[in-house]
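Chain IDs A, B, C and D follow the sequence of writing; residue 1 opens each chain.
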Amino acid sequence: MKVKFLLAVFAVCAMLASVSCGKSKGDELVIGVQGPETGSIAIYGLSDLSGAQLAVDEINDKGGINGKKLKLVHYDSRGDKTEAVNVTQRLINNDKVCAILGEVTSGAMFAIGKIANDSGTVVLSAGATAEGVTDNMPFVFRDTLLDSDGAPQTIKFLTANKNWKNFAIITSVNNDYSVGLSKIFKESILSNGGSVVAEQSISDGDTNISAQITALKNKTFDAVVFSGYYQEAALILLELRKQGIKVPLVGGDGLQSAEVFNVAKTASFGSVFFAGFAPNADVPVIKEFISKMNKQKKTADMFSAQGYDGIYLFAEAMKKSGMNDCTSKEQRDKMRAELASTKDFQGVSGKMSFDEQGNARKVPFVQEFVDDGKGGYSWKLIN
Amino acid sequence: MDAIFNSYTLQIITMCCINIIIVQGLNLISGITGQLSLGHAAFMSIGAYTVTLLMLDLNVPFWLALPLAGLIAGLAGFMLGVPILRLRGDYLAISTLGFGEIVRVLFLNSTTTHGALGISSIPHYTTPLISVILAIVGFIVMFNLTNCRFGLALRGIREDEIAAEMMGVNIAKYKMLAFAIGTGFAGIGGALYACQITFISPGDFAFTRSFEQLSMLVLGGTGSLLGVAAGVIILTVIPEVLRFATEYRMVMYGLALLIIMVFRPQGLFGNIRVNL
Amino acid sequence: MVIQQLLNGLTLGGIYALIALGYTMIYGIVKLINFAHGDVFMLGAFVGFYVAVHFSSNFIVVILVAMAFCMLLGLLIERTAYRPLRSPSASNLIGTVIMVGVIAAAAFLGRNGMNTLFTSAVFYEGLALIGVVIFLLAKGKIRVKHAGASGTSRINALITAIGMSIVLSNTVAIINGPQRVTFPPVLELGSWNVAGMNISGLQLFIITASLVLMFILYFIVHKTKAGMAMRAVSQNINAARLMGINPDKVIGFTFALGSALAAAAGVLVGVFYTVADPNMGSMYGLKAFVAAVFGGIGSLPGAMVGGFALGVAEVFGVAFIAPAFRDAIAFGILILVLIIKPTGIFGSNVKEKV
Amino acid sequence: MTPLLELRDISIQFGGLKAVSNLSLTIEREQIVGLIGPNGAGKTTVFNLITGIYRPTAGGVFFNSENINKKRSYERTWLGIARTFQNIRLFKQLTVAENIIFAMHYNRDIGIFSSMLRLPHFWRERNEVNKKANEYLEYINMLDMRNERAENLPYGRQRELEIVRAIATGAELLLLDEPAAGMNPQETKQLMRFIDKVRNDMHKSVLLIEHDMGLVMGISDKVAVLDYGQKIVEGKPSEVQHNKKVIETYLGKGDDDAES
């Protein structure tokens, strides 16, 4: 009995020890990337990671920064807050990173923001759009298009150019991004003289939403505003057409995915969304980014674009602040100051500059699903 | 030395202590009294939301809000006990699972808890020291409870309810007390969790969290307090150690659970006469 | 409007009923809540998807291949996870170790393709480890103390089921990737507009298909020798053993049958809702178990009635009360039933003999 | 002298079947009453009616002339009724001493706080309880097996432990359900002496269900015979043994009746 007892205790200690040993070497500038690589929103985390990886490889090919190669360290947080906090602590204390390309969801960003801020390590999110993620946290940034920028400008554009006045709003109740965005959409519609004729709610992961769509049948509206992710958006489009409602969808960057077309096919045409990334815009830097991503058989979307920009934002700030040692707190402070004062940075996800809260202010790309004539689709930039 | 005790390991130690407190509560309910509960995370969420709302909306100080959170979660456990403790075995397990999901949906839809948006900027009061001390206090309280007449009565109920009633034990009252104390521990754990992670949303407390807690209990060995500590530490540390495995991490976690249950059914410290 | 929602409800109910049948049969025979059953349903949908995309998009082929695959999967799950808990003999344990190796290889292979499998060091390390463990088991060096009749053996089976569920959903997430897959059109049955309502042929097909499969199962369980063996083992496993029935075979057969129905439900979900997600298994599985308990765990008609009732209740709850309360309604009904009549509608009230 | 336990015309029906029909029986203090009858005569059902597992559909159960129909099982144990079971229901995983201590606790408050804080009151009570438990164990000279798990005891010793556990509740009336089942003659004799000793030393009264006629007739002051839920005979063991109706219920109709 004694042996088994000691064995168990030894196993526990061994695990604890192996967890804590750091492995940072002096001659590299380490950048951490964390996000969901497994679980239901893994696709966003993986695409954010692929954009960052591309940027790091490019910078290293051009000789790295201040004479040092960049090293990218990434861990999976499954989008779970406890794991996200563990990963952030590991990146800061074990891997001693210069900066972190943070979580893609607002919830996880709320959890890790304080830790990164207190330890004086910059964390930038390429996906969190909810209000208040960066409030009074000098070290917390994000290069996403804010919902509070995107939604009002999109609704103003739609009421003016397509004179859509009446909207039905569908919200995904167990998705914080969707709940927040629906609120902003509703305010924008009312302030632009439009009206909300019906409100329905579904939840992420639903496969059966026939009941909610049937409830909309006796209302008349020009478009259905849906603030959730692409999976549910495609389902809504299909169910609308199945129940004979021929109306487009309006949404945020959650709709920007090829899956909407793959599932809903022609039903997706005419739907409009705003996003921080417009693949079909004829801007050279965007075209180049897309071809590089296609070469690596990776998808070029908003998350990979903003991940790519995030790394370059770090690189700019590190170059200007002459950073060569991640472990020194002053260098990290100087790098933060440089990053915060970035103005008119021409990124793949649009021209941006940081406000005093650390949010990137950008002009939204309003895009529409159109038939590309070859049996496929494309996102026509309409603003 | 700082390589060992930097804030990364301190963060893991804190989470271990919080889980130990919660699983000690589950051990009293499912391990010692034999009432299998699959909704323990719901009481953790009640504790988390109580301490948050008390501190943010009613600005009650932390040292008062924490015990209150435990009390209210314990009360909820007591009230849940009334209708469902007549049930036995799998029926009880499934109704506690149902209760857990209902609590999650209620938090998801109530405006005071901001629904799916969750509540952010909760003051960060939980320090590793507090959680270690509370875990030890919990350990002592549970040890005293299980090694006295109250604990003996609960163990008797687990062995054979009819014989226990025949020997003059009011099993309904004892079960409800065990439930109340167990869920109280979960409430305190939930409150510490909220003040550690500083942001809570209903999604954090779904039935997967209850399964996680039950796995920690059974892995360590139901009914043994040392088992609780070992089970929690191992299942909290395994995901960290498996970090290198990137996408295979969760498959290996599932396989580890499977293998341990098959090769060590009674858990690491189960059925060992040292009734620690 | 109400008729349309009723149709939606019956469609969803048919799917819940098919999965609930698997739960009821497995619970009836080994008294185990098989949480991995929901993931078998999910895997049925994914196998159907791969067959439809790569081989033939003929509905019959898709559903039969999916059911066959899941029957094997059901046997594998029972063999890996539950048989060693019932009797931890060396041979059973060796079986488990081999199966675990197979699952790990499938997960690894799925991501990196066949060629890298044989070149990577991890594969050989794993093989060596399995070899050593099998050798020790055969020599009896590693012995597992039977958990005994004490309550813990039931909780162990529950945790094993949870472990298996995590393994299955994550293996699919690795092989297929975490995102949802969209079902190609495998069955086109059009839809009619009758009196302002939209009745889709698919919905009628799913309801009838569920009923047909249920009656086939009812026939097997009540009219065939294998069915009698199943009922015998579920009444008293040791008595059945004395009557010359090999319980392990019969339990395996039950798992296979239940998994086949779950696979059929998976394909039907794919066909009608056109989407399959690696994580949909657990919620559907949970709801189906609620239906099985609602109808009376262990009784086949109970699972059928429970499934349809839950489907309709959920859809009506969403349409007429509040969509956000969808899950709460299902669990609310469950708790009410458990308190009023714990054994469900058709369940038999087994009084504990003093 | 009011009887310790009195059953007044109690009957209980499961669906159509009358398991027990208007049975009246009285047990005096320090009296041993045997309850015999073929299998399925309703003997254990009577035990379940007395201990509150079932409630009679008619008639009343009186203990110390107080109607306890409404009382829950654990309340009846507090009043002074304790039982053993046909198939032994000891707390298998608990030790011998713990089984005894368990039964001793019904009348004390739960005392969570005193035990949680380990107050002096707790230690005093603990020693007192252990001392009393050791006395009981010495009574059946099982003191040396004090920390043995109940499931590891030989069959006969488990039976004795279950009886002492019932005594430890402080009950005045012991209901023994086939204590001698599965025992060899030598063990049965030992059990007989033990029950007699319990009645004389501890002034307990006993209601005994038993098939072993030697034991029942040898030890009971009074014997009642049950058949199809009805009491057909009651009286001294000697009278009951030669009663024609009793013989018929056990051995069926003899050949001689066929001719006459």
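Assume contacts are C-beta pairs under 8 Å (C-beta built on N, C-alpha and C of every residue); 3 or more make two chains touch, one makes a residue touch a chain.
Keep in mind the model is a prediction, meaning the values are calculated, not measured.
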- Note on the structure: By Cα-centroid distance to the whole-protein Cα centroid, the innermost chain is B
- Item | Label of the chain whose CA centroid is most distant from the centroid of chain C | D
- Between chain A and chain B, tell me the centre distance in angstrom, where each centre is the average of that chain's C-alpha atoms. 33
- Note on the structure: Between the Cα centroids of chain B and chain D the separation in whole angstrom comes to 42
- Task: Between chain C and chain D, tell me the centre distance in angstrom, where each centre is the average of that chain's C-alpha atoms.
- Result: 48
- In whole angstrom, what separates the CA-based centres of chain A and chain D? 73
- Multi-partner residues of chain D (each touching 2 or more other chains): 53, 85, 92-93
- Query: Which residue numbers or ranges of chain B touch two or more of the other chains?
  - Reply: 108-109, 162, 247, 250
- Item | Interface hub residues of chain C, defined as touching at least two other chains | 170, 173, 322, 324, 354
- Would you mind writing out the residues of chain C in touch with chain A in their complex? 1, 4-5, 8, 11-12, 170, 173, 177-180, 182, 191, 193, 198, 200, 269, 273-275, 277, 279-280, 283, 315, 318-319, 322-324, 326
- Enumerate the contact residues on chain B facing chain C in the complex. 30, 34, 36, 83-84, 86-87, 89-91, 93-95, 97-99, 101-102, 104-106, 108-109, 158, 162, 207-208, 211, 214-215, 218-219, 222, 247-248, 250-259, 261-267, 270
- Message: Going by the contact rule set out above, which residues of chain C touch chain B in the complex?
- Response: 27, 31, 33, 80-81, 84-85, 88, 93, 96, 100, 103-104, 107-108, 111, 142, 144-147, 151-156, 158-160, 162-167, 170-171, 173-174, 282, 286, 289-290, 293, 297, 322, 324-325, 327-328, 331-332, 334-335, 338-339, 342, 352, 354
- Message: Help me check something: in the complex, which residues belonging to chain A touch chain B?
- Response: 1, 8, 11-12, 15-22, 37-38, 75-76, 78, 80-83, 85-86, 89-90, 92-94, 107, 110-111, 114-115, 119, 130, 132, 173-176, 178-180
- Tell me, which parts of chain A touch chain C in their complex? 38-40, 42-43, 46, 173, 200-203, 205-208, 210-212, 214-215, 217, 231, 234-235, 238, 242-244, 259, 262-263
